[in-house]
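In the two complexes below, chain A is the common chain; its partner is chain B in one and chain C in the other.
Up next is the complex of A and B:
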C-alpha cells in the first residue's frame, strides 16, 4: 500500500494504480476524454492534467503512476486555464453542429466546454471530410472526431478486431478502415459507446430522439447465456436504442452486436397480433376466446382417445423462467405427462451428462472471469467470441495479461487469429486431440505426481492407448512435433482451463468431447471449474432448472421430434424446430403425422405455419420475467413496452387454457408464480471423480461420393430465430451462405457469391457460396438459422449425443 | 519468398508482432517500390495484424514513400542554413534541367524530389540525400555532376 494526498485528502492506494485510478476510486473528479477503463493508458487528450508538487510540468493523471507521498492537486487556476486551452484547441475544428447532432445532451466535449471553456476560440479551421454513408449500423462523421482514439483502441486492444484506425497525420487524420472501404467488421458497436462525441453513432438511432427526452430502463439481453445488462432507451413507449453502461451488469458495460442492435426483433413484421386457427386448411384470425376453447377441446379429445402420454411439449431456451415453469406445470398437472423438453437436449444436456459421468456433478455454471490469470487456456473447436461474445472477450483479455491462449480449431475464428498458438485441426477431431493429450499425459506420468487415486485409470489408459502422437497427427492433420510441443505445454502448466460449447446448432462436438476434456483435467488434478461449457441461450440454464426435461421416464426431444407417430399432439412454445434443429425433413414428417400441433410464439415461425392453432405471445421487454444466465445468476427482465397486438405473456396463455379446461393451476398472479418458482430447488449433485473411457468415431465419414465435411453453427450476427427478425442485424447479414475453402472452390468449380448445390445422404439444398480461407480444405461452414436456406434438411441428429458431422458434396448450380 | 524471409528475420528481433511493424514496412517499400494498398495487405498478412493498424501506423510517418517514386530519391534540404546558401536556386535548377517539381517525379522515372526538413549538416550547406548517399557543399555545377552519376 502507498499513501498520497489528493486535494488535501490523505488516501491509501495500491501500487500500480495511476493517479486517475486513485481519484476515481475516491470520487475525486478529474476530467478525461481518451481514457477508458478497459484500455491501456493513452495520454492523448491532455484533459486529465493535474499538478503534482515537486514536478515542474503538469502531469497526465491517466498515465502517471501514483506514488508514496505524492501531493496532487486536481483543480487549480493553472489547471483550469490549461484545460480551457485544451478544449479551445479541440474546438478549433470540431463543428458546433450540436443542434443536429444526436450526441447533444450526452456529449463529453459539450459537457466539458460547458464546465471549463468558451464555446468558441481564437482559432478557426474547418475539416471537410465527407460523412461516411455506406456502412451498415455504424454512422461515421469524421468532422466531429476529436481524434482521442478510443474507438480505435477499443476495436483493437479490447475486441481484437482492428477494423478502423487513425489514418493520416496531423490535421487531416481521420478514423477510417484501412482503405476507406465500407465497414466490414463484427458490428459490435463498442466504438459507438466509446466515442465521447458525435463522430460515431448507431444508424438505427440517427435523428430519432434528443437525448434528454429518453427514458432509460435496464434489462437483460435475450440472446446468449452471458446475460448482459442492456440499457434500453425509450421515447414514447418505443425502444430506440440499446447502450452498455460502463461498470453495469455482468458484462460491465461491454455489448456485442446482437445485444446492441438486435432488440428490434420485437418490432419485426412477422410478429403475431391475434390467435390463428386452421380452418379449411388455412390459418385464420380468431378471438382469444375461440382459440382457447379450440385448444381445450382438441386437447381433451386427444387425451380421451389416446391418453396423456400421446401429448408432449417443447419449451423455450429464450422464454422466461416463469413461462417455462408454467408450461411444465401445465403439461404435468393438466395433461398428466412427463413428455417435455427443450433445445438444450441437442447440446447443453450432453455437456451436463458428460460432467455427471465424470465429475459426478449435475450443474456446472461457468465463471466469466475464469480464463484470467490461467497459464494455459485451451479453446476447443468453439467460436466463443461469436456464440458468447462477452465471455469470448475474457479470453482475449487473459491473453493480453499473459496467458498462453491455445486455440484448437479448424476455422480461422477471431480467437484463432488472436491466439498465442493456433492448432488448425480437421473438423470434428478436437476430441481426438484431447484423447491424444490424455495418452501423452499418462505416458509422461504426469498424473502420478498428483498423488491421488481416481477410479477408472486403467480402463481410460487402455481406451486412449491407440491415440499416440502419430495417430493424433494422422487424425487431426497436425504436425506430430507440434502436437507434442502443445501437449507438453498444456500438461506441465501451473494452471489451466478448457473452454468449449456444445451448442444445439453445432454438430462437431458431443458428449464424448466433454468427457474427454473432463478426463484430461481430472488426470491433471483439476476440478470442474477448469472446464467451462456455457449454456446456449438467455435461459437455457433456467429452463433446465425449471424441469423442462423428462424427469420420470417421459419422452425426450429426440423421441418427440424424430420418431414420427410417437405423439398425437405437440405443444411448442417459443421454439422453431423446423429451422433451428437438425434433420428438418424428419421433423416435418413428425408434424404431418400429428393430430394436433399447437404453436405458441411471438411470430409466425416455420413451425407455426404447419400448426393447427397459433397463439400470439408477448415477447421479451413486453412482459416481466427472469432469465438465469450461464453463471447460474437469476436476473429480472422488466416489462418496458406494451405487448404487440393482442399478445399476452406465455404463462398467462397457459393459465387461461387450464382454466378453460376447468383445471385450477393455483396461480393467478405473477407474484404467486414467482413464489412457487422460488421453491424449486436446484440439484447440483455431489462431486465424485471417475475416469471414463471415451469412444471416438466420426459418425459420418467423408468418402468419395461425399468428400467434404459440413460443420454447422452460429455466427456473430445471428443465433437462432430471434436475430433473423431483427431489421438491424439483417442489414449486416440477411442472406444464407456457406463458407467454402479456396482449394475446394477451385476443385469443384465454385465461384465466390455464386449459388451451389450441397448434397448430403439426406437431401440437397441450394445456397450462396462464400469462398474464404476461414475454412480449411475439405470443410464447409454453414450458419443454420436462415429459414429459406433449409440447410438442416441435410443434417442428422444424434440421439446418443455424439458429434454428428455431415458429409456432403458440392457442385455449382448449373 | 525473399519478402517473407526478411520479415521473419525482423520478427525474431522484436518481442511482438506490432513491434516489428515499422521495419517490416521498409521491407515492403523495398519490395513494392512504395507503400501501395497491396504492400499494406502483404505486411498485414505477414504480421497477422489488421490492415487498418498497418496503414494507420504507416501514414503517421512522413518518411515512408506514400506514392510511387522514381528510381532515385533526392531529398534536398531548404531549411534556414541551406536556404541562405542557395538551396532554393538548386530547386529551380532541378525544375529547369529535369522538369522535377518538389514532391514530383521525372517523366522518365529517374528521379523523385522531396524537400526535406533540416538534414543536420548546416556547416556544409546546402546538403541533400540521394537514396541513402549524403552529399554536401552543393552548388549548381556540383549537384548536376552528382546527379548525373545516378542513372
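Up next is the complex of A and C:
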C-alpha cells in the first residue's frame, strides 16, 4: 500500500495503480477522453493532465503511476488553462455539426468543451474526409474523429480482431480498415460504445432520435447463456438501440454483435399476431377463444383415445423460467405425462451427464473469470468467441495476462488466431487428442505425484493404452513432437483449465469429449471448476433446472422427434426443430404422422408451418421473466415494450388452456408463479470422482464416396432461430453458406461464391460456397440456422450423445 | 341632513353631473376598437401561432431536427422524428407541435441554433376541433408563408435576434460540407 495526496485528501492506494485509477476509485473527477478501463494507458488526449508537486511539467494522470508521498492537484488555474488549450486544439478540425450528430447530448467532447473549453477557437482548419457509408451496421464519419484511438485499441487489445487502425498522417489521419476498404469484421460494435464522439455510430440508430428523447431500461440479452446486461434505449415504446454500460452486469459493459444489434428480432416481419388454426389444410387466423377451445378439445380427444403417454412437449431454451415452468406443470399436471424435453438434450444434457458420470456432480455452472490466472488454458474444438462471445473474451484477456492459451481446433477461429499455441487437428478428433493426453499423463506417472486414489484408474489406463503419441499423431494429423510438447506443457502446468461447448448445433463433440476431459483433469487432481462447459442459450440452464426433461422415465427428445409414431400429439413451445435440430428429414416424417401438432412461438417458424394450431407468444422484452445464465445466476428480464398483436406471454397461454380444459393449475398471477418457482430446489449432487473409460470412434467415417467431413455449428452473428429474424444482423449475413478449404475447392472444382451440391448418406442440399482457409483440407463448416438452406437434412442425430459428424461429398452445381 | 344635501336630493344633481359626462362623450371619438372588423397589429415579438421558417434557398424547412426545442420545451409539446435520407443526410420526417399544450414561452425560438422555429404575430386561430391545433410540419410551414413570408426575416431578426447569428461558424472552421452541396 502507498499513500498519496490528491486535492488535499490523503488516499491509500495499491502499488501499480495510476493516478487516474486512484482518483476514480475515490470519486475525484479528472477529465479524460482516450482512457478506457479495459485498455492499456495510451496518454493520447492530454486531457487528464494533473499537477504533481515537485514535477516541472504537467503529468498525464492515466499513464503516471501513483507513488508514495505524491501530492497531486487536479483542478488549478494552470490545469484549467492547459485543458482549455487542449480542447481548443481538438476542436480545430472537429466539425461543429452537433445539431445533426447523433452523439450530441452524450458526447464527451461536447461536455468537456462546455465545461472547460473556449467559446471561440483561435485556429481554423478543415478536414475533408468523406463519411463512409458502405459498411454494414457501423457508421464512420472520420471528420468528427478526435483520433483518441479507443476504437482501434478496443478492437485489437480487447476484442482481438484488429479490423481498424489509424491510417494517414497529420490532418489526413483517419480510422479505417486496411486499404480504406469496406468494413468487414465481426460487427461486435464495441468500437461504437468506445467512441467518445460521434465518429462511430450504430447504423440502425443513425438519425433516429436525440439522446434526450430516450429512456433507458436494463435487460438481459436473449441470445447466449452468458446473460449480458443490455441497456435498452427506447423512444415512445420502441427499442431504438442497445448499449453496454461500463461496469454493468456480468459482462461489465462488453457486448457482442448479437446482443448489440440483434434486439430488432422482436420487430421482425414474421412475428405472429393472432392464433392460427388449420382449416381445410390451411392455417387460418382465429380468435384466442376459438384457438383455446380447439386446442383443449383436440388434446382431450387424444388423451381419451391414446392416453397421456401419447402426448409430448418440447420446451424452449430461450423462453423464460416462468414459461418453461408453466409448460412442465401443464404437461405433468393437466396431461399427466413425463414426456417433456428441450433442445438441451442434444448438447448440454450430455455435458451434464458426462460430468455426473465422472465428477458425480449434477450441475456445473461456469465462472466467467475462470480462465484468468491459469497457467495453461485449453480450448477444445470450440469457437467460444462465436458461441459465447463475452466468455470468449476472457480467454483473450487471460492470454494477455500471461496464460498459455492452447487451442485445439481445426478451424482458424479468432481464439486460434490469437492463441499461444494452435494445434490444428482434424475435425472431430479433439477427443482423441485428450485421450492421448491421458495416456501420456499415465505413462509419465504425473497422477502418482498427486497422492490420491480415484477409482477406475486401471480400466481407464487400459482403455487409453492404444492412444500412444504415434496413434494420436495419426488420428489428429498433428506432428508427434508437437503433440508431446503440448502434452508436457499441459500436464506439468501449475494450474489449468479445459473449456469446450457442447452445443445443440455442434456435431464434432459429444459426451465422450466431456468424459475424456473430465478424466484428464481428475487424473491431474483438478476439480470440476477446471472444466468449463457453458450452457447453450439464454435459459438452457434455467429450463434444465425447471425440470424440462423426463424425470420419471418419460420419452426424451430423441424418442419424441426421431421415432415416428411414438407420439400422437406434440406441444412445441418456442423451438424450431425442423431448422435447428439434426436429421430434419426424420423430424418431418414424425411431424407428418402426428395427429396434433401445437406450436407456440413468436413467429411463423418452419415447424409452425406444419402445425395444426399456432399460438402467438409475446417475446423477450414484451413480458416479464427470468433467465438463468450459464453461471447459474438468475437475472430478471423486465417488460419494456408492449406485446406484438394479440400475443400474450407463454405462461398465460398455458394457464388459459388449462382453464379451458377445466383444470385449475393454481396459478393466476405472475407473482404466484414466481413464488412457486422459488421453491424449486436445484440439486447439484455430491462430488464423487470416478474415472470412466471412454470409447472413441467417429460415427460416420469419411470414405471414398463421401470424402469430406462436415462440421455444423453457430457463427458470430447468428445462433438459431432468433437472430435470423433480426434485420440488422441480416445486413451482415443473411444467406446460408458453407466454408470450403482452398485445397478441396481446387480438387472438386468449387468456385468462391458459387453454388455447390452437398450430398451425405441422408440426402443432398444446394448451398453457396465460401472458399476460405479458415477450414483445413477435408472439412466443411456450415452454420445450420438458415431455414432455406436445410442443412440439417444431411445430418444425423446421435441418441447416445456421441459426436455425430457427417461425411459428405461436394460438387459444383452443374 | 343639511339644506345642501336636501337640495341635491331633490334636484338629482349627481345624476345630472353624470349625464353631462355622457353627453360630452357623444361628441368625442370612441376609444374601443371594433375588433372583428378592425384589427390591431401585434407588437414586435408577440408570441402567437407557431411556424417553421422556410428556407428560401431550398423551399423546405430550415429545421435540421437537432431537437433542442423539444429538449427545452417546458410543456413537452414538440415532437420531432428524423431518419436517414437517400443521400445519408438527416431528414426531418415529422415536426409536430401540440398547440393546445403550448404555454407560449418561446424557449424553443431562443434555443434553436438555426432560427428555424418562430412564434408568428398571428393570434386568430380559434377552432372547433383538437386536430386543428395539432400542427404538423406542413401546417407549420404554411403558417410561415401565411403570416410571416418575406417580411418575416426582417421581423424575426429584429426582435428575436436569433442565436444562430451568434453561432455562425467562423470562416475556415471545419464544418461538414458534402461534396454535392
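Simple rule for what comes next: the second predicted complex is superposed on the first by the 813 of 814 C-alpha atoms of A that agree within 3 Å, B and C clash if a C-alpha of one lies under 4 Å from a C-alpha of the other, contacts with A are read in each partner's own complex, and residues count from 1 in each chain.
Assume a contact is a pair of C-beta atoms (placed from the backbone, for glycine too) under 8 Å apart; a residue touches a chain by one contact, two chains touch by 3 or more.
All of these numbers come straight from a predicted model, not from anything done at the bench.
Engineer: I'd like to know which partner A:408 touches here: chain B for first, chain C for second, both or neither.
Structural biologist: neither
Engineer: For A:152, select first, second, both or neither according to whether it touches chain B, chain C, the two together, or no partner.
Structural biologist: First partner only, chain B.
Engineer: May I ask you to name which of chain B and chain C touches more residues of chain A?
Structural biologist: Counted on chain A, the partner with more touching residues turns out to be C.
Engineer: First (chain B), second (chain C), both or neither: which does A:630 touch?
Structural biologist: The answer is neither, since A:630 touches no partner chain.
Engineer: Going by the contact rule set out at the top, does A:417 touch chain B (first), chain C (second), both, or neither?
Structural biologist: First partner only, chain B.
Engineer: Just checking: does A:393 make contact with chain B only, chain C only, both, or neither of them? Give me first, second, both or neither.
Structural biologist: Touch partners of A:393: none, neither chain B nor chain C.
Engineer: Is A:165 touching the first partner chain B, the second partner chain C, both, or neither of them?
Structural biologist: Only chain B; A:165 stays clear of chain C.
Engineer: Check chain A for residues that touch chain B in one structure and chain C in the other, and list them.
Structural biologist: none
Engineer: Can you tell me which positions in chain A touch chain B when the two form their complex?
Structural biologist: 152, 156, 161-169, 176-179, 417
Engineer: Which of the residues in chain A end up touching chain C in this complex?
Structural biologist: Residues in contact with chain C: 92-100, 104, 120-121, 124-128, 130-131, 133, 141, 143-144, 206-210, 212-213.
Engineer: Over in the complex, which chain C residues touch chain A? Could you list them?
Structural biologist: 64-68, 70-71, 80, 82-84, 88, 90-91, 113-114, 169-177, 179
Engineer: Going by the contact rule set out above, which residues of chain B touch chain A in the complex?
Structural biologist: Of all residues in chain B, those touching chain A are 37, 40, 44, 48-57, 59-62.
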